[in-house]
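Below you'll find the structures, each written out as structure tokens.
Shared chain: subunit A. Partners: subunit B in the first complex, subunit C in the second.
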Partner chain A sequence: MKNKLKLIIIVVFLIFCFVIFFKGLNNSNTYIPKINNEKNIPVFKAKEFNSNNYINSEKIFEENIYYIVNIWASWCVPCRKEHSLLIELSKNKSVKLIGLNYRDNLNNAKKFINELGNPYAKILVDRDGILSVEFGAYGVPETFLIDKDKNIIKKFVGPINKKIVEEIKIIIK
Partner chain B sequence: MKILKILLIIFLMIGLSPLKSDEKNKALKNKILKNVRCLICQGQSVYDSESDFALSIKLIVDKKINKGSSEDQVYEFLRKKYGDWITYDPKFNKNTYILWLLPILLFLFGGAIIYKKIIKKNYKKKL
Partner chain C sequence: MLANQIGYYSLILGLLFSFLLCGISIKDFNNSNKKVNQNIFTLSFLQLTLVLVSFLSLIVSFVKSDFSNETVFNNSHTTKPLFYKISGTWGNHEGSLLLWLLVLTSFIFLFLVKSKEQPKKYRILTLLFQQLIIIGFFLFVLITSNPFNYLFPVPTEGLGLNPILQDPALAIHPPLLYLGYVGSSIIFSASLAAVTQNYISKEWGQHIKKWVLISWVFLTIGIMLGSIWAYYELGWGGFWFWDPVENVSLMPWLTLTALLHCILVLERRGVLTSWVVILSITTFMLSMCGTFLVRSGILNSVHTFANDPARGIFILIFLFVLIFLSLGIFFLFHKENNKDSINFFWLSKETSILVNNWFMMYFLSVVLIGTVYPIFLDVISAEKISVGPPFYHKLIAPFLMPFLLFMAIGPKLKWIKSKVENKNSLIIFFIISVVLTFFILKDLTTDLLFYTVLISAAFFLFFTTLKELFFKKLSNTSQTTAHFGFSLLILSILFNSILSSEIITNIKVGEKYIDNKSEIFFEKIEEKKESNFNSIVGYFKITDVNGKVIRLKPELRIYNQPAVVTSEADIKTTFLEDKFLVMNIVKGNKYFNIRYQVKPFMLWIWISVLLISLGGLLSIFKKKYEK
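Entry: the complex of A and B
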């Protein structure tokens, strides 16, 4: 009786371990940090890409519309892939795109924009990556959707795709 | 001569104090960076990594420490941005209680088994 109980406990334990590891196989090995349901945008001062003037975050997000903050760099290959989708989004009047040029060479970044087009209403320079950390980003590309109350309501890690564009379009309608 | 010696000591102390504070800041910075996980490089701390993410975190930690932020304030800032996962030493909360309590429970369980075995052995010896 005692041996039987032991066997049952061992079998249950092994099944438990198997289920945990089997479920883990399907999980992505990249950890995406969860953001709070509503997180205010950080307060910051940043250099403008075209004019080299410094601008306050309040001034950047002053209109009562949705904003998309997209972190990009000319050296980032997936950024090229998503650029046409960003241009598509920029045609929508209820949203403004803000680009955050991440740890990039200014000349290369300008070439990138000249070659692929400029979907951004404003581009900010994040030479040392500190601004991206303020947004809670950890790589490029990364896209944040900001609502009219200036809260980050969505965060997309990696390049955006058509499905994400549709999702954004539904939210900003 | 004695005054000169005292003046020299004071001068050296004043001269060395910023150095000491720099060393202290550097030690604190390294301690924090070793306890912060590099989110894009698996199994590495920010201290060990040279990725863009790690370099940005190093800069921001440096900036915060130079501004006078404490160790806890820096961790709190990073947790706010990236969640508990960013530190190797997660706080006790509803998401991490299993992580904290499981070793204690296993320890108690193992202790109970050992205790039971010893009692059984002693009982058999008495017989």
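Entry: the complex of A and C
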């Protein structure tokens, strides 16, 4: 009798552990602090990738459409993975993609774009990573969705996946 | 290309052999023949050969940089030195699982060969349980992590092995650790088989002890190598960070150590059977749990090769199937030995080993809670916390003190009933330890009482085992060596933490940094080119208080594939202390951030762990347990 009780207690406890681990698996393990909703995009000046000219942030986000800011680098392996999805997104007319080339070697970055295609309407160079921090980034890749009022309404840490692409498409419709 | 096909099909054949083996074993189980069917040996050998072929073909694909293989493409690069191409084979998820399989199959084969004098039914059951694990892993590899996935069109270049994994210590760390982890699978299968056959006895204890010792030695060395790697490569200037991944390897070690001691009791007196069975099961479960935690992506670390939930779910289900299976078998078949209920005399070897067990269980629960609590909390309340070193130090250190004292006195006791002999010498040793510690520490630390108590306990163990080693020819050398090693380990760690000093500063070429202890002069930088990375080497001249000059050359490596910057610390190791210098680029390139550390007794930490393993090794080769 005593043994049975022991067994039941152990089994219940183990089932509890199983459920916890099972749920834990589906949780993302990257820590994302909640952003204060509707943060305005920072005002900045940045070098352009192809022309070496400096450009103002108002000029970059001048059109009355949605923008996506994607932070990437040629050395970042997950960026390679999400690139095809970005290209898919760039075909959408109601959104423009802005690439932020994070702490990268210019030649490597150009190679990367030539190899995998260019989804970006504009690419900005963030040589020292300061601009990315101003956006509130933790690392590469990271993707921000900016609405027509120039507020950051969504932020995705890590490579984007199909599910996120669908989510974005619904928002920008 | 060809190697790919061979590897894949031998894996599938290997799985089929598993089923065949199970079939034949079940048939043979009820056969009245006294000997195990010869076919079983042949099949088991063939299965091992097939897995070996599969593993070798993966190595061939890596050496030839065959990028039509997805695993090779993801983890290798043509410019990588041959050594790292080979070690890259198990430096990734798929390949390392293949290594698991290889060790699993080779251990069961060795077990069959080495257990000829054991009862037939017990051997066959062990084989069956082991095959169950093997089938699980075969399915895991084939379904979720096939190492032989074919890529078309064939890429011209691979993505490269994570540069921080390109390190000699890390090349042999996984195989050794696996020998320890997987070795515990044999103990698991054997103890389940023994429980069903009601064969947990003195004879079984003698027979299984070798296996326990072998996995224990490998696990100990494997953990040490991982720690050495963290020390040299990560450049954080420490050797143990209580990182979840490190904890996960420590947990089976704790249970295995407890098991090792229980087996001694079982072997001599035929008691503590429940302890032995439960510890055997837990050790392997913890090894599996470790695999689950680091591979599923539920924790984040360098070992988390890929975050694929499908893999996590597979291991999780497999793990719990095994847990429930062993639990069922334990409750159904295990009959508590009558002798178990006899109370031990309070002063005897058995009691002291039992005390050791409870200490181990306490340490285990601290580590276990620290590791999984954040996961539980995250799931239940979505709150993220991380448990750091202070938690472990606070909870473990106070208990280390009585633990060390027991370690010193316990082995001196006799079985069944005992008196403490040589009381006087023990008391003298104790007084010497306390006085010695007090004078050493007097000016060194602010937390005098705490450290004095802890270090005197360690010194006490140190002196008693040292005396044992030198003066008692008949004493149990293996045990004494291991315990001596442990006291040395604790002493080195404690003195290391008290006496370490650190300077962090920004400095540019030609500049000097001076403080009351040392003078650091940054002489120059040089650039070097290697096949798989470029590097910047800094030349530093460091003068200490006594005017002694050393030169250190830390390096910054810029790997080309994948492009990652790692900083290689330069470490001058001497008998008494390590001097450790690491540099990092600061924005603008002119200034470098340097961290200079003097860490006493680092070498002794490694030496003492080697001594501990040597104790285990001595015990393997010893004919019989000495008095």
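Just so it is clear, the second predicted complex is superposed on the first by the 144 of 173 C-alpha atoms of A that agree within 3 Å, B and C clash if a C-alpha of one lies under 4 Å from a C-alpha of the other, contacts with A are read in each partner's own complex, and residues count from 1 in each chain.
Going forward, a contact is a pair of C-beta atoms (placed from the backbone, for glycine too) under 8 Å apart; a residue touches a chain by one contact, two chains touch by 3 or more.
The structure presented is a predicted model; accordingly, all values stated were derived computationally and were not measured.
Of the partners subunit B and subunit C, which touch A:Y138 in the superposed model: first, second, both, neither?
First partner only.
Identify which of subunit B and subunit C touches the larger number of residues of subunit A.
Tallying touched residues of subunit A, the top partner is C.
Contacts for A:D128 in the overlay, against subunit B (first) and subunit C (second): which applies, first, second, both or neither?
both
Does subunit B (first) or subunit C (second) touch A:V77, or do both, or does neither?
Only subunit C is touched by A:V77; subunit B is not.
On the A-aligned overlay, A:I20 touches which partner chain: subunit B = first, subunit C = second, or both, or neither?
Second partner only, subunit C.
Quick one: is A:L106 in contact with subunit B, with subunit C, with both, or with neither? Answer first, second, both or neither.
Neither: A:L106 stays clear of subunit B and subunit C.
Could you look at A:I9 and tell me whether it touches subunit B, subunit C, both or neither (first, second, both, neither)?
It touches nothing on subunit B or subunit C.
Output the subunit A positions appearing in both contact lists, the one against subunit B and the one against subunit C.
In the superposed arrangement, which is not itself an observed complex, subunit A uses residues 29, 31, 128 for both subunit B and subunit C.
Any idea which subunit A residues touch subunit C in the complex?
Touch list, subunit A to subunit C: 3, 7, 10-11, 14, 18, 20-27, 29-31, 74-75, 77, 105, 108, 128.
Would you tell me which residues of subunit A are touching subunit B in their complex?
It comes out as residues 29, 31, 33-34, 102-103, 128-130, 132-136, 138-139.
Please output the residues of subunit B touching subunit A within their complex, sorted ascending.
Residues 39-40, 42, 52-53, 55-57, 59-60, 63, 81-83, 85-86 of subunit B touch subunit A in their complex.
Show me the residue ranges of subunit C that touch subunit A in the complex, using the header's touch definition.
Within the complex, subunit C touches subunit A at residues 159, 292, 296-300, 307, 309, 312-313, 316, 320, 323-324, 327, 331, 375-376, 378-380, 384, 562-564, 587.
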